[in-house]
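Here subunit A shows up in two complexes: once beside subunit B, once beside subunit C.
What follows is the complex of A and B.
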């Protein structure tokens, strides 16, 4: 898997973020356009492209969801940008409840004193869900069984919902606090 | 100080020719130019010893003057004396009127590009900025004994959008300056501060200038300046604090509409009053207009009260930037204050309270940005090959495309490290659709109307297919200057469209060339001769760069490859010496470029491999 190779780290869902950080700076020192400012146009262009790739690899490797999607894609299970719906009524029901909870937070707004505790409660909930679906990924992605990959893909789909809620919460927080 | 010239084996032993590079802080109120001489960065002064050049251009019948001489006529010749034009860069007339209210200028818009009416004709903010840059270039070249400068690092507010960055680069081109890099002002300040203090860890740079506000959160680590997040407001600065006082003066003197002269007088008095309040608790302002004299008293408390909403606005940006960086306030080691407006006591007090630490005000807030830019410029032209400084900056505002229903789909989120390339696939929504319109936007809001429109272009010639069958891949590329280019391609057919994103209301490349030409003929310089010279310099630069690369890495090429490259280089040199047509040299340079592409790729791979095996110089 190209990104792991680029950073010279083992192909593994569980990564050492600190190691990635160190490797990133080493790579940047070698490839960054500022290091090639005296070079030919070709070399400068190459430096921009290489650095963009390094930056993209970093974003992918660093982010649990993007990392999982990337690994799945490399295994031949492409779920980025897919329109497929989840066939899990329980999960979807839970999602709807969480969405309603979010709407309540938005509606009660900064006027209410307990918006902070509502946000904290919501964050805890999201964290639990995140843990539930992420914890299995290491094992599933290390497996050579294609069924495990499909199971991992399902977990990732669920995680996408969870991350969307996270983003939504952040947006609401921005709105509340920017008033 | 270099005591001894030591050369590594295989490297050229010729001493490095010192190239003249400068850092330019093109400010809203004042501009500066700095350079590194004998290892020390310093700002360059005019004949009177002033480092700061007021960013003011006054247009006379034929000529123009820049700086103090122009500023002196701000009140008696307001229409022809352009002040704070940086605030107008990359903006439309409607935006300016909405942001700044009454201004003593007559704006006009022609083909979407903004002009200000003066006695010398319509002047664009890009032109006026170019005139300021030109004055700084002349100052630098004079101090170098008439030698021309190789290039400049020009600073821009971190929160400048793509249109504003492009305008700045255009202005530099008009002034005949080669831009080595557009550098974000807070990053430049961090470089100057970091190298000087040797501090490592997370710092915040709070930069409140004359017309713009930036907050950047950076991690300093062994020569690497990594911007974690940036935020701000490109239309909030000292001028807006002055405007609050102008309103107060109007209220106290019972005046409603002001003539251009009186408005400029009020603005000047407001500015002086604000500055005086830094040292005095109370200031009495005398306002003489329409044959009457009014006295208005302003206390520091009153000013603080007026200013508080603006200061709070900056703190909201600080909070968001910290959040984006994933940093808590207690992890911030130092808050570096930059920009003349951070002298206001209310600003220092509130920022100190927000970060729960005394902000650092011991560095000169006016000069630190130009100094940082000069340090980077010195490295970029190759004067300091052993320097291991590296600046990693971010995109300040998200980039996206318009989708159905007037919504914006983000392609690259804000605070992504640049350079960056991102692609996204779109499809057709009608059967037989053969063209697709693309609308590129910048901003954080969800609706198209709330974001900055950067460009519109279309991909034509898509073969008719069923709705949803075409795969259009749109790629956004942001380079190290933070400038965007976009390509779109239909995957099955390879139909392609490409634009260098130029703001719809900015200048086209043709316009820049045209303006350059007309300014040349005014100066009685020969355009052709200048272009020829430029290409000769470029050919020499390419040759030297390749010679240096070959000296260390020629083993990466086989004999045949080496011979082909050598041949192209020799032809380029011959052409450079003999040709009178600049295009011919340009073509020869491009041939060398093509011939060296494989070599460049192998060198890049080799250097990355070397970086990862940890063969750093200090370990060997």
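What follows is the complex of A and C.
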């Protein structure tokens, strides 16, 4: 788990974002290419590479989904960019309904005074779903049982749909209110 | 990214959008999702007693390629037997729609949706 080591934080799904922020600044300061401006070409190149790695690590560690996918990949469960489809009828049925709800929010839009409460209700729903699949991840990813990793992978796949709903909601809010 | 004319045609005039009565015993439903992009697809077929697909409807929440893929397969499966429909491969769909490599998963989604609908029909009737 190179990224965790790079940031000197424990290998855990649950992270302290503030700590990550502090470590990031320390690492960037130490690696900044300007500090190596007097060095050889090779040293300069290494400094640039190091900076890029620190940035990649930050983006991965601070984002809950990317962090989970990274940890799974390090455990040998590669789900990034996989082409496999998800076939869980109950889950997908619920996704369909939520997408329909989103459509309704967009359709009634600013015409209805109720749109704020509809959005608030939708956000609560997404948050519940997010919790349902996220809360177990810490335990599953800390386990040494491969079955638990597969379970974690399944949760992460479902979380991707939940995050997609979040993105869609944001897009609709922008459409409705940014005029 | 530029969509092919065929994709644009399906997106602008999607065929067979909607739902069939899920309580009708001759109707089967396939639900699939692509974790890579969060797209969800529902494909329903209505099957005659002779095992021929009489009608097909879809509802897809996703990008243009996913909508076009599902729209296309609803056209293709109509009039086919279940066995013939099961032969449809994602490569046929992506070739017809000229999908770029990054959108191949949309055609996989459509292929899996037909498979799931056929499986649902068989599980309802092979008792």
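Simple rule for what comes next: the second predicted complex is superposed on the first by the 167 of 179 C-alpha atoms of A that agree within 3 Å, B and C clash if a C-alpha of one lies under 4 Å from a C-alpha of the other, contacts with A are read in each partner's own complex, and residues count from 1 in each chain.
Quick note on the criterion: contacts are C-beta pairs under 8 Å (C-beta built on N, C-alpha and C of every residue); 3 or more make two chains touch, one makes a residue touch a chain.
These numbers were taken from a predicted model, which means no experiment stands behind them.
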Contacts of A:61 with subunit B and subunit C, given as first, second, both or neither: neither
Partner chain in contact with A:169 - subunit B first, subunit C second, else both or neither: neither
Touched subunit A residues, subunit B compared with subunit C: B
First (subunit B), second (subunit C), both or neither touched by A:46: first
Subunit B versus subunit C as contact partner of A:32, first or second or both or neither: first
Partner chain in contact with A:141 - subunit B first, subunit C second, else both or neither: neither
Intersection of the subunit A residues that touch subunit B with those that touch subunit C: 81
Interface residues, subunit A side, partner subunit B - complex: 8, 23, 25-35, 37-43, 46-53, 55-56, 58-59, 81, 174, 177-178
Subunit A - residues contacting subunit C, complex: 79, 81-89, 91-93, 95-96, 99, 156-158, 160-161, 163-165, 167
Interface residues, subunit B side, partner subunit A - complex: 180-181, 221, 224, 226, 316, 319-320, 376, 379-382, 388, 390-392, 416-422, 425, 477, 479-480, 541-542, 544-546, 548-549, 589, 592-594, 596-597, 600-601, 603-604, 607-608, 610-612, 614
Residues of subunit C touching subunit A in the complex: 29, 31-40, 42, 59, 61, 104-105, 108-109, 112, 116
